[in-house]
Amino acid sequence: MIEITSSRKNSITVTSPVLFAAGTVGFDGSPYRKLLSMDKFGALVTPPITFAPRQPATGPRVVPLPSGFLMHTGLPNPGINRVVRDYEKKWKRSVLPIIVHLVAEAPHKVEQAVQIIERSQVVAGIELGVHEQTTMRELSTLLEAARQHCDLPIMVQLPLYNAVPLGEVAQYNGADGLVVAAPPRGTARDTQTGRLIGGRLYGPWVKAQTLRVVGRVVQYAEVPVIASGGIHTPDDARDFLTAGAKAVQLDSVVWTQPHMAEMIATDLSGIDATRTTRTYVWQDDEIYSVSIEPPPTLPELPNLEDVTQQADVDAEWKD
Amino acid sequence: MIEITSSRKNSITVTSPVLFAAGTVGFDGSPYRKLLSMDKFGALVTPPITFAPRQPATGPRVVPLPSGFLMHTGLPNPGINRVVRDYEKKWKRSVLPIIVHLVAEAPHKVEQAVQIIERSQVVAGIELGVHEQTTMRELSTLLEAARQHCDLPIMVQLPLYNAVPLGEVAQYNGADGLVVAAPPRGTARDTQTGRLIGGRLYGPWVKAQTLRVVGRVVQYAEVPVIASGGIHTPDDARDFLTAGAKAVQLDSVVWTQPHMAEMIATDLSGIDATRTTRTYVWQDDEIYSVSIEPPPTLPELPNLEDVTQQADVDAEWKD
Amino acid sequence: MRETEASIERIWRVAPDIQRLELRVDDALRHLEAGQSLLATGASYLREQWLPVEVKQNSLIVERRMDSSYTPGQTVSLLGPIGNAFPWIAGQQKRLLLIAYDTYPTPLLLLADKALKQSASVALVLLSSAREYPFSALPTAIEVISGHDNAVWPERDETILWADQIFAVTKDALSQEYLSELAQIVKTLKMNLHINTFFGVVNPIQPCGTGACMACMVRCKTTNKLSCMDGPAFDLTEILLV
Amino acid sequence: MRETEASIERIWRVAPDIQRLELRVDDALRHLEAGQSLLATGASYLREQWLPVEVKQNSLIVERRMDSSYTPGQTVSLLGPIGNAFPWIAGQQKRLLLIAYDTYPTPLLLLADKALKQSASVALVLLSSAREYPFSALPTAIEVISGHDNAVWPERDETILWADQIFAVTKDALSQEYLSELAQIVKTLKMNLHINTFFGVVNPIQPCGTGACMACMVRCKTTNKLSCMDGPAFDLTEILLV
């Protein structure tokens, strides 16, 4: 059994380190019940759910890209109340622990939504999805609101670009796990209409960016890190586990190659895991061979990463 | 003529909006003199130059990726003094304006290096490359050091992930242009040795991430924005110009498809530019259709983007 | 729905830019209905939607543009069947009007084939770029009408009044506007839009085909539906048109 | 160096995992020397290094693994020639020792071909996975020696002492260590490493091939050199070995 949230009374344990990322298998896994052996996976994260219902985006929603694609669905969902009502019974019978992905809108909505989720008593935990421009203080306020009346484990799904500083804030403010990271956002032109579409990016090349960020978050993380982004082979998944992640989430590979998704789960859950490249070792020091001299004329400055000491540093800066 | 830095006495003007990104054609363009009509391009940015000489990285330097690759050269270069000495005469004869890419190490090194560059009198401008973890205050200190004794136009090449806030800082502190953005960094496993390599990522899929960030930087930019990242076709380049960039920089396309690089320069410099997708219009409001309510319980918080008001906001926060 | 392997047995061109592939498929795909499709692995990251134009005893024939090249013996992974049979009932609707606007009529050809075999009358209207589709690739028993660049074709009102059922396929990004326009015309001519009469065939890019990703969602009057699960044909009385 | 188009005229297998392609090339590539190569567009983003094994009147023959498939008539873009001729002077070095360690001897075959035609004697040592290279694909006049998994082969010291010149090709990532080891052996046997005697053939992945990207930089004693511009053969007296 693998513990994927920090050890508290309600901590989530899974039998496989391979989970379904938010929205990849629908609200209850039913789209893949006939295609995949669901019991080889560790848990299911629901599609992003907002407080109020949301309609799908209008216009083109998918732009194919070299080795990947951009998707903009508009996060359609019937709102948290309706989702819990509709799926409560199915979640209760689910072979996989259900983790609800809650979109972090305003703090008061988060505060109410977590209570709705907890009351249902069929959800294993919450993955809080914060938007890309979330500031460190907004995140701490959001987490405070979420923690107020909720004993369920709360993981935070971090945006790729700011995962390093935000992860530290999340951990400091009571997150039970860090999901690194949400797919990067981009803008691409739909060739049929000529329109620019903003959305999330998927494809195997996301992996290199995520692996680097995961490697940096695990340096300070005291709560479990779950890696997500661009995983398309068992070796991809293993790279993240070797880097220090407790589990991985698969995303678009489930859609485009369901059979490969199952192979990843089978390979990573088993004892006879096989790596096709030469070494297992995470050769930390071999990656970065240059040591850097600190900028000599600068005092210790506030830094995106020094968030916990922000107030002190600010004081110093003003003197 | 296109002005690619803010209008001051030494401002850089180019005849083509298509430039060579840092390091794509060597220190003086000679690797491509026989392959490309250099005069179709606007300017040449040198490989990154450090204060002291640097040796190449050891071990694997290139990891092929789906539709792209990761490269880690270690930025080998003979140091600023030697480069200027070796290339001064060639730069003087160059058909293209020379922009020196200076690695922003410590402020005192930057301060000295810009003087060495300016003294040579054959360089059109400086592109200051700041590393990915540069804080906003470090950047302002670096720019202050650079500006101290230098009248040459100074552009700042921004890291992709923090381009939005750093660009605002750069502009506020006297940058004459913003280059958006340096290639994203990643980590990939070399299949031959099994080692993890950290480096920069290149490929056509970089474009979607860059286009989104360029779109956001141009919202506030008062100095020219030069776009760079993933450009592989004339339409790619045109997307950035339509978004508001004054010029574009080509990177790995020059290496893998020199003929295409020339086609981009020809197409974008000419009057008979042709777009293969349907519309030219930058349909701003069609991309993001949802309007967002502000988080109601939070006061106006310091935000990565509110850098110019940082001090005021900090004061407010403490009250 | 299953993920199966198929082998390409035969490849031939039906027009300079259209090829057909004969596939030996898994038993699970032997009984594909008109309207259903397959998601096949190809050169790009996302699976391509492969549309059957003929279902044989042991094989399927699908139609592809010439922009990809295939070799006989090549194996592809197929996810499917995707979607539902068109709601055409053999023997019930005897006069079928098929419309292709600015896109090839490929999604409608298996329906045409089945309907003709059941001695229904089939008319096919080709509008805008659909007119480039080669007549020679169509069954001879079909009545082909070449229209204009918009919703206009010769004897339009007559053909609409003649039809028991209409199926229209349009270029994805334009479907909304164009379907609205056609719906308006039908409404006026037939006094109203009746249920089970006029269907829009909606085939957007489908990242999953399983109902998971929600990229193919179609806004409907009662509840939102998914093209891959509830489509590809949507009754125009049901969907929310712009 | 130029960017030109070539067409693939003929394709045949020389072993289960090796194919050769006959290319009709631009005039600029008619006089390719042993040591020079081409960067060709292929399935992946970076150009592939294509190594000629024979230069004919109007065509070039290159050798590729079977992991890519080609079709006759197919056109590829070639960048080249990349690099310099091996510093072998016809008539001068009469006894040539070629070594392939853990990689196929492909980069050395054109040199072997030319040297044999100039009536030099050529011995080729295949070590580690290089031993899987098919004998049948080698010229019959060559003396092939099958070695072990390391730097050891039958009568090693004799062959080294016999040779006027040695060229060794190794798997890219291992070249440094392996070349050091070989250099050490040669040094001991020949009392020292003499200039123009022992060359390492260094062919790393080349993103540009033009000297621009610096990914192929080789650390040398005096100044750093580029494999694509100054290589592919480097005198072992000159490069900085680990």
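Labels A, B, C and D are assigned to the chains in the order they are written; within every chain, residues are numbered from 1.
Throughout what follows, a contact is a pair of C-beta atoms (placed from the backbone, for glycine too) under 8 Å apart; a residue touches a chain by one contact, two chains touch by 3 or more.
Note that the coordinates shown come from a computational prediction; the quantities given were computed from them, not determined experimentally.
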Shortest walk length in steps over touching chains, chain A through to chain B: 1
Looking at contacts between chains, which pair has the highest count of C-beta pairs? A-B
Please identify the chain with the largest separation between its CA centroid and the CA centroid of chain D. C
Mean-CA-position distance for chain D and chain B (Å): 38
Just curious, how far off is chain C from chain B if you go by their C-alpha centres, in Å? 47
So the centre of each chain is just the mean of its C-alpha atoms; given that, what is the distance between chain C and chain D in Å? 55
What positions in chain C touch 2 or more of the other chains? none
Residue ranges of chain B touching at least 2 other chains are 59, 65-68, 192-193, 203-204
Complex contacts: residues of chain B adjacent to chain A: 57-59, 65-68, 70, 74, 105-108, 133, 135, 137-138, 141, 145, 160-162, 184-189, 191-198, 201, 203-205, 207-209, 211-212, 215, 235, 239, 277-283, 286-290, 293-298, 301-305, 311, 314, 317-318
The answer for chain A against chain C in the complex is residues 23-26, 30-32, 34-35, 47, 55-56, 59-62, 64-69, 71, 73, 76, 190, 192-193, 203-204, 252, 254-259
Chain D - residues contacting chain B, complex: 1-3, 41, 44-47, 77, 79, 171-173, 204-205, 207-217, 219, 224
